[in-house]
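The structures considered in this document are given below.
In the two assemblies presented below, chain A is common to both, partnered first by chain B and then by chain C.
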Partner chain A sequence: MNWTAILEFARGPFFYAALLIFVAGMIYRLVTVIGLGWSKDRVPAKGSKAGGVVMSFLKGILVWPFIPWVKNTFKRNPLIYIGGGLFHLGLFVVVFLGTAHMLVFKSLLGFGWGTLPLPIVDWLAAAGIVGMLILLINRIIHPVLRLISGPAEYLAWLFVFLPMITGYALTHHLGPRYEVMYSLHMISVNVLLIWIPLSRISHFIFYFFSRAIHGQEFGKRGVRV
Partner chain B sequence: MPEETIAEGLKKSGVSRRDFLKLSGLLAAAMGLTNVPPVSASGLPPRLGRGYSVNRVIAKALETRPRLPVIWLEFQDCAGCSEAITRSNSPTLVNLVLNTLTIEYHETLSAAAGFQVEQAKQDAMQRYAGQYILVVEGSIPVADDGVYCTVGGRTALDLLQEAAAGAAAIIATGNCASFGGLPKAKPNPTDAKGVWELITDKPVVNIPGCPAIPEATTGTIAHFAIFGTLPELDGLHRPMPFYGVTVHDRCLRRPFYEAGKFALSFDDEGAKKGYCLYKLGCKGPTTYNACASIRWDTGLSFPVQSGHPCLGCSQPDFWDGGGFYQGQSAPLDRPELAAIGAAAAAGAALGVGATLVNQAKKKAKGGE
Partner chain C sequence: MTATKQALNAFVHETGGWVASQLEACTRCGMCAEACHFYQATGNPEYAPVWKVELLRRAYEQRFTIFGAIKTALGIDKRITDEDLQHWSDLNYYACTVCNKCSMVCPMGIDLGSLLHGMRAGLAAAGMVPADLMTAVNKQIEEGSPLGMTDSVWDQRLEWVADEWEVEIPRDVQGADTLVVFSSIEVMKFPTNIAAIAKILNAAGEKWTVSSKAREVVNFGFYQGSEENTKLFLSRVLEGAKELGVKRIVVTECGHAYDALRWHAANWLPEANDFEIIHITGVLGELVGSGRIRLKPGAFDGDGTITFHDACKIQRKGGHIQEPRDILKVLAPESFKEMTPNREQSVCCGGGGGVIAVKAADPVRYAAFELKIDQVNKVGAKTVVMTCSNCRLQFTDSVDHFKLDWKVIGLAQMVADALVE
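Showing the complex of A and B:
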């Protein structure tokens, strides 16, 4: 067994299986969450629910990230806000605007898009990694966070961190030979793909659900019974 | 013949002392020698070897070592590696191997033919038993008792085992002899194998490539002729001087990769400006070979320089490693819509099942 063969396995059958498990798992989660149902709305709305949803997304994505200091969550613990923000921004840019990753989507979806130059992606990836380390240290030393953190939280951190760090080492040719690092990167990505539907990382989809639910309640301007 | 030293043979063919020393220096450079192999082998720091100039050591070796007999076998191949060597026109290494070392048997290049040349091979194998270098070109089929490749009525496997038994070392040149190459591509009807899968009791060096870079083959032979040892090998038995770094590492388009400037098709503006070919499927980042540094045709060019992405021809199973024009990072298999649909349906069915169970439980609780 040589690393070229391991890489072939990680890029081939293993990735294939992980992707199918990911799809099946996410659909399962979606169906079960939708199957929970809504409570009946017995109060007449004074405002527009749809408008509330739109405002909620606009504020959450386009406004708050750029003026975080007006929010209490930022004032009370700026470190978490900045660390978490950097991590999410870095991850988004790396996954969708890095050339290598765009080519993955292109091969799966059949179409591609423009990407950012490597140095920009690279710095954001480094920022994301630093952000993750800050969040981990904070989780370990913060007494309350430590109390509510179980194995699932640390595993989620690890399974996201491994693809990030191996991918960074890969592009910089750090550590072992390229195909070794590439294999480790692909294996960790596959593990993450399988882990996402089983864990709270599925918030990458459910975030939009909760934003929509909260938004329509804000927009409704009525009490909830 | 081999009783004559390499230097004597060169002198006879009219090489002056000055040219001989130049050749020694060029050889050292071509083999990527920075210090004398015994120094590196001993584990001592390389600076200890600096007292000796490498080309002096090579000159000394050429003066004292006998000529090295070479037997060259061809199996499931296209003779492309031999073609590459005869046409490489590299005056030092290739000339040394073809004219100065003794190729005793080569199916394509030998002047003799038929029983005569087979007899010559038998004679050479007996006379130089335990001394000769065996070069193998082409993969060896083992399915159905090896009937898919026979020479003179004998199977490739039989011929390989016979010749390997008396060889000092075996050099597998080209991807076919190294890793099975094209004959091994799926579905591999002949069950083609590389030499190192079949011969385990002799040192086997792989010089993969399609074709193998002539200087890598001849350089390895020259290394053995001069030092009596094989160069340092990597995990896939490839000599480190030629396969130590990837094509991507030494690529002349690398700055464009770093800057994020890519050719998106073979005739767009980026392609004309010589941008990176990564998005067009270049396999340079995972391909270990000396293409980008030694290049081809006396250092004239190599595929990426002339505008085509690297196919990864020096890697095992490169023929089955995804599309040639598909990005390096892309997964090897793309799930069909049916597979994705089936996975989604399975997930949905599980979800509906779980929801129904939940609701039944809720009802049961509410009913109490």
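Showing the complex of A and C:
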């Protein structure tokens, strides 16, 4: 088997299978959690629950990632803010605003959108990779993170890191031949897609639950989120 | 292993989608540790809130997720043992006040306070509650109060307060508007609070009463995490209120009791919604704001800096954040100064959640209080005001322990002292 064939497989049947597992897996995860039942809250509210939810998302999406120093905890563990912020920013920009990735979405969804110039995406990709390294170092040296991290946490890190580093190498023509690098990138993406529903990387979907709950709880009590 | 089984059943019972979705949202970033006063004070990584709820997460994953079930079957994931429960009992009851500060820093916004309460539910079901706390719970079941406020003690104390401070305390008045439920901490340890609140409500012309049936607002079942006991103690208050036909129930300066009655009771006992349930801080804000009582402006100025300590269950979890400030700006416009962080971001006193009732928790409780000492010293305050008697107990005890020259006072008492007749 040559690399051209491997690449065809990795970006063809393997990719579609991984995508299917990802979507089906996430739906399964959602259904099982929702299916556990939600009891009705009969406690009369003091403030606005809806207002709390809106604030919670605004704060979660705008304040948290971009102005972390509003939090007193920033001083106590800046690495996790900087690492986490860089990583997520880099990831979102590369995945949704990188031209190559947009074209994949376009082929899947039937429509595309504007993207950012390559140099910007490229720098943010590098920032994302640096962010991931910071997060890894923090996980290894911080006593609390050492305590709460097991193989699952390190595997999740690895499975996210591989597509990023291979993708970066791919755009810069680093390492082995183009087909080889491209194959490695696609294989690692597929592995990640399969791994997401099996791991805590799925937090991106439950984020919407927990932030809504947070907003509800604080809004209900008339307290700023 | 029966203890474990009971704990697991309780964990399972706790695990609706509400809890599960939040457990799933956790990325294990460890940020919550940085918010925890017990972790900050001791540096013990096991005090990280995410680690304190570890058993709840493990039980959930093993019972409700395929991956968890497979991992347990293969022996990769450890089954929960009695030893685990004992260990986590220490972590949760000694070094957590369920103050919910961690929820404020969680990037996912997980309501950790509720999960920590869920942990306690499991530990309580397993009987893994510190002996000191259980003694108090049992005392409340049998005598109606964890501090030994029996029928006769209640009678004597109230008569004595009425005599000593020359204040009228209406008792068991049928058809009163407002039922005031004191905590036994106030009745037994801060009787001036009783006199103060009576004086204020009388001055406002409020039709109020206390009830000999609903005389104890403290809820040690809530500390313990036992739904059964929490409901029992709540229902005593609600029954007393129903008997007297009151419209609203005022919880006095007690934090967790307010949390239980205001924010949880209706979900267990729908009759709670027959009453307006409000904290005395809210009532004070109302009375001062509407002019039903008048205060001498600047009554507390000129005696050193005064600062306000936000209680986790009354301010952060209760929403009565603005009222104390409005009142203090009248009472001490010159000398009132804020600590940082404050309001909903405030640092817990370290004595709540039943921690102060557990002798073995003393070292970590005092360690956590050192954060408070720093905060108070930074504003140079000589007087610390609060609206929670449990905080006040922690403050007075720690002021003794650390030999500090602070004055610790409840807000109601200040208001009563500054009343203009």
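Everything below uses one rule, namely that the second predicted complex is superposed on the first by the 219 of 225 C-alpha atoms of A that agree within 3 Å, B and C clash if a C-alpha of one lies under 4 Å from a C-alpha of the other, contacts with A are read in each partner's own complex, and residues count from 1 in each chain.
To be clear about the criterion, a residue touches a chain if its C-beta (ideal position, glycine included) is under 8 Å from a C-beta of that chain, and two chains touch if they have at least 3 such contacts.
Given the structure is predicted, the values throughout are model-derived calculations rather than measurements.
With both complexes brought onto chain A, simultaneous placement of chain B and chain C is permitted, the two fitting side by side without a clash. In the superposition on chain A, contact is made by A:Leu20 with chain B only, not with chain C.
Contacts of A:Arg76 after superposition on the shared chain: chain C is touched, whereas chain B is not. Contacts of A:His203 after superposition: chain C is touched, whereas chain B is not reached.
Of the two partner chains, chain B is the only one that A:Gly12 touches; chain C does not reach it. In the superposition on chain A, contact of A:His173 is made with chain B only, not with chain C.
Superposition on the common chain A brings chain B within a closest Cα-Cα distance of 5 Å of chain C. Where the contact sets of chain A with chain B and with chain C meet, they give residues 29, 32, 35-36. By the touch rule above, chain A contacts chain C in their complex via residues 29, 32-39, 41-44, 46-47, 56, 60, 64, 71-73, 76-77, 80, 84, 142-149, 153, 198, 200, 202-203, 206-207, 209-211, 213-215, 217-218, 220-225. Interface residues of chain C, counted against chain A in their complex, comprise 15-18, 20-22, 24-31, 33-35, 39-40, 43, 45-46, 48, 50-51, 54, 64-65, 67, 103, 105-111, 114, 262-267, 270, 273, 315-319, 321, 341, 343-345. Listed in rising order, the residues of chain B touching chain A in the complex are 235-236, 246, 248-249, 257-262, 278-279, 285-286, 315-317, 321-322, 326-335, 339-340, 342-344, 346-348, 350-352, 354-355, 358-359.
In the complex of the two chains, the chain A residues touching chain B come out as 2-5, 7-8, 11-13, 15-16, 19-21, 23-32, 35-36, 99-101, 103-104, 106-108, 112, 115-121, 173, 178-179, 182.
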